[in-house]
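Okay, so chain A shows up in both of these, paired with chain B first and chain C after.
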Partner chain A sequence: MSETTTTAITLSEPDDGRRHTTNLGRIVSRMRRQPGTIVAGAFILFLATVALLAPVVAPYDPTQVFLDNVLEPPSAQFLLGTDDLGRDQLSRLIYGSQIVLLVALGAVIIAAVIGVPLGLVFGFNGGWWDRIGMRFVDMAQALPGMLIGITVVAILGRNIVILMFAIGLIGASLFARMTRAVVLVERNKLYVEAAEVAGLPRRQIIFGQILPNLVGPIVTQGSVFLGSAIMIESAMSFLGIGLPSEIPTWGAMLSLALDNQAVAPHLTWPPGIAIVLTVLAFSVFGDGLNDALTGERKRLPRLGLRLAQAEEERAARAATSVSTAPGAVTGTATAVVHGDDAVLVTHDVSVALAMPDRSQTRIVKNASLTVAKGEIVGLLGESGSGKSTFARAVLGMLPPGTWLASGSIRLLGEELAHRQERELSHVRGTRMAAVFQDPMNALSPVHTVGMQLTEPLRLHKGMNRTQARTRAVELLERVGVRNALARLDDYPHQFSGGMAQRVAIAMALAADPELLIADEATSALDVTTQAQVLDLILDLRDEYGMGVLMITHSLGVVAETCDRAAVMYRGRIVEDSPVATLFSEPRHLYTRSLLDANPANAETSGRLVTIDGDLRVEIDGLIDQLDAEEDAR
Partner chain B sequence: MTGDLHTSATPLLDVRSLSVGYELPAGLLGRRKVVPAVEDVSFTISHGETLGFVGESGSGKSTVGKAILRLVPPLAGHIVFDGRDVADDGARAPLSYRRDVQAVFQDPAASLNPRQLASHAIETTLRRHGVTDRIEIRSRTLEAFEMVGLTRDHLQRFPNELSGGQQQRVAIARALVLQPRLVVCDEAVSALDLSTQGQIINLLGDLQAATGVSYLFIAHDLGLVRHIAHRVGVMSAGSLVELASTEQIFDAPQHPYTRRLLGATPSSHPDGRDERRARRQAFRDASSVVLEAP
Partner chain C sequence: MLKLILYRLALAVPQLLLLSFLVFTLTYMVPGSPAAAILGVAANPESIARLEQQLGLDRPFFERLIEYYAGLFRGDFGTSFVSGRPVLELFAERLPATVSLIAGGLLVSIVLGLALGIIGGTKPGSFRDRASTAFSSVSMSLPEFWIGIILLLIFAVQLGVFPVVSYVPFAVDPIGWMRGLILPSIALGIGGAALIARQTRTAMAVSMSSRYVDSLTAVGVPRQRVVLRYGLKNALVPVLASTGLTISIMLGASFSVEKVFAFPGIGALMLRSVTGKDFAVVQGGVLLIAIMVILVNLILDVSYGLLNPKSRPS
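Moving on to the complex of A and B:
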């Protein structure tokens, strides 16, 4: 079998505790890094302990009446004073926490039990289920929550279960709406189709496949709603429609304090502070939980994760494969020297990335690349090689968590490295422009194409409205959009993928750029559209004489369009040659392997050459050697 | 790898005059509109054969795959699998059909449940298909993982802890664990890196040699299809415009659309690219004249 080399790879179990076998472990470790969440969590824990141990901690029975000590201010005997019947405030507060937590927890559970299945059913079934069901949810949400609460209590009477039910009903619509929103996204994911293909019944798909993906949002929503439930409970008790008055609740205590505010102002503070702190704690905790579940994953650049994985795999390969002595082939990257017609000259550009464990690593290492006027230079590499990061460094648009560590980036002789964002933005609007993989991301969905084309023209070129519109039509016609004048008033979603990419190119052209950066600009398009867009870029280069930096993972794109190409691997440019040389006499081992592995290259229907096992180890060895040489210097 | 394709007289899958459409939700009073995605498509897949399906996005090639997988209902036509027309089945496909016909999708990250361990996908499938013994489930899962070049260590990982190639291997393991007879590979390698693509294609070839499974290999990249397919079908605007052996499609394409598709496929070497560009330009000029004529 071909997979012998791969099968031989056994990843040693990392013992540094970085990987958690469960999602829960990961979430907990993330939450530990959020001080606010820890404080809120500690408070909630404290509150829960006090509530559980109320009979032990409370100095008195909450209903015990001391007729001699009515409305007494705080003293040694009654730490928080007494109320109008001479009951100990502290004990009532402590016992009140039991009720508050019980009602809130019960309400959240009831809200989730009613809301989540409704949301699942509406979201998954869609159609009439969804349309009619959601109208009811809308109606329920339009009613003031308190009104629902009052009605339920008025009909069913005042006791703790009914109160939970009343508050739960208020929250159910929130849960239903949130669940439906998540399900609508999840049900279109491929794993749901895969489950269908596996023959799983609908019930199991909803509850076994989709529900686990809802746990995060549900827990978060639950925690936040706990705070709201406490507030509603307190408000209802305050208004005297909560629980019977002999049961101590914070809301009722507050109500009582208000009646006696003139004589005993100290009574307002304890329940007031308790309510505020508890509601706050649950909200902060819920927020932190949400961050731990999703936020950090977002904040931590995907790049970092991917890189860590790649490093780990590489280490594993090196550990298990027979290591060949590196140095058999040394690829030295030589930059072609250009005279005055150089548009972009980068020298020793390094980009650093902050890793999850707070260390740094360089994801682009000493990359030097030159683009001349009218030249199309390819930057070829696999995903994670650092090619897009390099492009973003040139554009001054590095993603958060990464920064330009060293090097010089000169555009038309002007140094761009370490310039202010405002200046870079002007440079991007006038002298360099970029086209990215997904045109729909580059275009704003809420504005017409005309608006998006004319705005930069007016901003950077000082045109008036009519001039800008005329120019926009010219540009659209130039990139091959038929019926350009009429299409100015269309929105991006009315364009097909290929046409949208043409519009994105027109937007880039609006700047009259000297340098166009095309970052995987045709990767999402199918072959026929790709050929058209590539031809367009070639035509525009011939016409305007701009330099083009073509970032791509496709050998075919390089072969068809580039004059010169650089090959990037693990953040390094390993080879930089004229395109004919690159394909006919590749110098670096990695380039040779890539060419061999190109499915379009092998003419027969035999096995494909792959880059793995010993070959990968050998290539990695070459890179490691370069790294080591540099460190030594 | 080719083997003898015609060992049995009846093909494994026989698709006859298949039409599929998507219903558009109409307004309150308007009639429901059906947008045809696939019209009158017929082809067969033999035992142990790989049929490649190529075409632009929107050409209907994925819809054909979905109809075979019973993810979309056909409007008309027959899908005869192993002598039985599955187009007649009701809303739900019988479990035996699910066992025989499996799928590998384009985006490996999305086709695995992000909240479940890699092994879970395979265990659920096994359990659904009547394997109840815990030890047997565990051993068969490991067996499936090893078959696709993964190790015991990968079982206990979440999808986001696996690389794209590893994720796709898990998806292939899930598809093959039931020993299906047909696997629909819908752009199964398109999202992967060049070097990983090669590995997965080799893997699919090896598994076919070992188990005799048939593939419907859907892709927009002709270069990939060439390696794995015995025959290639070319889809354009919902119709199958050409269906021939791989050699014939590449060496002597008959339909103009096939020729255009081949012309648009980037070459593996820069030699002669100026001529290719000129040819594409000439073709475009010609077609735009046709389009703009009244």
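Moving on to the complex of A and C:
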């Protein structure tokens, strides 16, 4: 059933012509927004014009010999000087552009004509065709291109067609590889399957259906290879295996420059600069074309944006230094009430994010939270609520483009906000540490577990290698890794997810921090392993008495492990209460909705409640109101 | 580890067989007779026939093919039509100059490329990243022989700090050998440095945004140590994987650098043989260079296994 519908859809798509023009328009408009591409394109156009108009533009015939003016430096008569036969350099340079462009263009066409069909055949047929064919391509690509060029010229001799063929042969493997890659992607797409089901012959599928999708990549590859072809042509001409020496080429001009270097240094510069600019223009243009075709222009943060950030940070830092100055402690008076056993006290923490349009938005807003010694505090929220960003703000590890806009972060009474990275790195590990989601990536894959585990021990405890390894074994045994001594020399991929997370916990606790931040530490694990790891964290809390900030999206995790929990929504902490109260008498509408949406309840009600529609609008309204109130203040 | 090496060697065998066959048929691809090509315009039918007989070109295809392979197994890569000396001997004579040059070029490109890549990759999008990316883009468009000519012009011809003729065998004068290698290595290395810088930049950016960087930072490992010890080693895995290609590109580029600095290397030998129609040397040379490339890739594959524990057969 589904197959027939897709067939209909695919085959009744608007005619290629129309789609193509709109595509072309989009590509051109994208390229217009790339200044580099415009400059490169203009240069290519200029070069092509000069090459076409060579007889008109060039002051002399490139082969005309002025025996009275041999090896002359630039003058009014010969703008770029003359070579050892008294030939005008400027004229040879201009005529040289003809050869360069012609050979490069011919080489690209030959490379595409050889490479693209090969890639189509390998990619579409697969199996042995592909395996053996790609071995050839690999081998051709592994050999130095110049070797292939030399061999072709050695066999066939020297003329312009042979030169194009030699360079084309070097580039053919590139086109074959690229085509095959595209075909492998395309042939698994629905429209090809649909065409096969519809009974289109294979040839028609390849040429009618797949080839149009290849036009973009081929043009891009062609434009990039044009640059390489010019490089190869110049090198071959320089080596004297390109075109016969009476034909002006940039490479041969450089060869003459080398021979006459001591007497005529001026010959060195113009041909070289011409080659560099031309190659650069084609490669910049090719990259720009590629970006325009794929629509993937990597937008880098703007300079102005970063200036704004720096300014804001400076202001925030100044504000903090005032508030932390003696006598100005009043700012913390409104903080959540906490006793002397508080490990972490954050007050009004806001994190700003730089937006691509140069504005900024707050992704954490005035968040205040306290974790006491031995207490496990949950921070609950859906993804994007700002809970992980909050954790990173505490750690002083905010990602690029975000920064602490305001607020105070006190760890064991010490202000951490806006501290230098160097100072923070001493606090991390010894007073706070963190375990993150996705344990399989939490450790460097190319270093042994032992090496990474001993890092904090050697760094903070001043242990030597042997002491650190002994302690590491104890730690691993404590977190439940069996055969710990032998496993120190294993690599992370040799551990299961649960075991890797145990190692990560051991590493975090190695230098006895007072605060452990577990950022979705068990989310990626299966239920059984999750329970074991949570039990381990509970045990370790009892043993070491550290405070734990447990960031999670799971109500179950909160219910089972936490003493207290805060609920975060759209960057705000909307509720903060003991776990029992949170579940029995939720105060905020969002919390209530969240509890209703718990899939565990669906078992009794038979219906899964979700937060959307009017409910979502109502909650968002509450938050918007809060935002507006704050803005007004 | 031994298993990995043996597996790679086994893979190289069909490659070499195929390649040697292609190389063997080279002389059959020459339009007309190679003998006529060697003799050039002065050729008459008798002298062509005499030369063909002399070179063994008149014998049947299969006879020559068998003889060719028998020769290869004995280490006989043919005999130069021009000088009458074994190709392997000519090659061995010139290998030290080329290997010195490529080693020097590789050193320059690795040191410069890694430095640029780390500078850019640790802070993607920053000013220093753009500067290092721009430098690599321009470097990739610089023909290595032109860099060589400029270096030669400035430092040897105008300033006289370096000798114009560069190569001195190591055994003769180690200091002179090193001095002579500096300019050619820079000329050859800049292009490779750009390649390595691009790859390192990307790999480093990926590496530095990985979760383990967070884990290490969160236990207080200083940034510099995270970058140089952990980020770099992870970044080296993909970089090393493409070093084979870099060396192969350098081998091609070494031909023109050898010409600039008058190096008595393999490139010079090959060029002389091409222009002198010495097909035996071209044949043997292509095969020997291909063997070198395959060997280098083999060594790199094995060291890749050492660096990346996941690819090791356990």
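In this text, the second predicted complex is superposed on the first by the 347 of 633 C-alpha atoms of A that agree within 3 Å, B and C clash if a C-alpha of one lies under 4 Å from a C-alpha of the other, contacts with A are read in each partner's own complex, and residues count from 1 in each chain.
The rule we apply is simple: a residue touches a chain if its C-beta (ideal position, glycine included) is under 8 Å from a C-beta of that chain, and two chains touch if they have at least 3 such contacts.
This structure is a prediction, so every number in the text was calculated from the model and none was measured.
*Asks:* After the superposition on A, what does A:212 contact: first (chain B), second (chain C), both or neither?
*Replies:* first
*Asks:* Considering only the touch criterion stated at the top, classify A:559 as touching first (chain B), second (chain C), both, or neither.
*Replies:* In the superposed model, A:559 contacts chain B only, not chain C.
*Asks:* Which partner chains sit in contact with A:373 here, chain B, chain C, both or neither? Use first/second/both/neither.
*Replies:* Once the two structures are laid over each other on A, A:373 reaches no partner at all.
*Asks:* Could you tell me if A:530 is touching chain B, chain C, both of them or neither one (first, second, both, neither)?
*Replies:* first
*Asks:* Going by the contact rule set out at the top, does A:580 touch chain B (first), chain C (second), both, or neither?
*Replies:* first
*Asks:* Touching A:231 in the superposition: chain B (first), chain C (second), both, neither?
*Replies:* In the superposed model, A:231 contacts chain C only, not chain B.
*Asks:* According to the stated criteria, A:347 is in contact with first (chain B), second (chain C), both, or neither; which is it?
*Replies:* Touch status of A:347: no partner.
*Asks:* Between chain B (first) and chain C (second), which, if any, makes contact with A:197: first, second, both or neither?
*Replies:* In the superposition, A:197 touches chain B alone.
*Asks:* Going by the contact rule set out at the top, does A:382 touch chain B (first), chain C (second), both, or neither?
*Replies:* first
*Asks:* Just to be sure I follow: which residues of chain A are touched by chain B in one complex and then by chain C in the other one?
*Replies:* Of chain A, no residue contacts chain B in one complex and chain C in the other.
*Asks:* Spell out the residues on chain B that touch chain A in their complex, using ranges where they run on.
*Replies:* These residues of chain B touch chain A: 1-2, 56-57, 69, 71, 93, 95, 98-99, 101-103, 105-107, 110-116, 121, 124-125, 128-129, 146, 148-149, 151, 153, 156, 158, 160-164, 171, 174, 193-195, 197-199, 201-203, 205-206, 220-224, 226-228, 246, 260-261, 263-271, 273, 276-277, 280-281, 284.
*Asks:* Considering the complex alone, what residue numbers of chain A touch chain B?
*Replies:* 1-3, 6-7, 9-11, 13, 19, 21, 23, 189-191, 193-200, 204, 208-209, 212-213, 215, 305, 309-310, 313, 382-383, 497, 526-532, 534-535, 538, 553-557, 559-562, 579-580, 583-584, 593-595, 597-602, 605-612
*Asks:* Inside the complex, what are the residues of chain C that reach chain A?
*Replies:* 14-15, 18-19, 26, 29-31, 124-125, 127, 130, 137-138, 140-143, 145-146, 149-150, 152-153, 157-158, 210-212, 214-223, 230, 233-234, 237, 244-245, 248-249, 251-253, 255-256, 259-260, 270-271, 273-275, 277, 279, 282, 286, 289-290, 293-294, 297, 307-310, 314
*Asks:* Over in the complex, which chain A residues touch chain C? Could you list them?
*Replies:* Chain A reaches chain C through residues 135-136, 139, 141-147, 150-151, 153-156, 227, 231, 234-235, 238-241, 251, 254-255, 257-258, 261-262, 265, 268, 271-272, 275-276, 279-280, 283-284, 300-301, 303, 395, 397, 400, 421-422, 425-430, 433-438, 441-447, 452, 455-456, 459-460, 491, 493-494, 504, 507-508, 510-511, 517.
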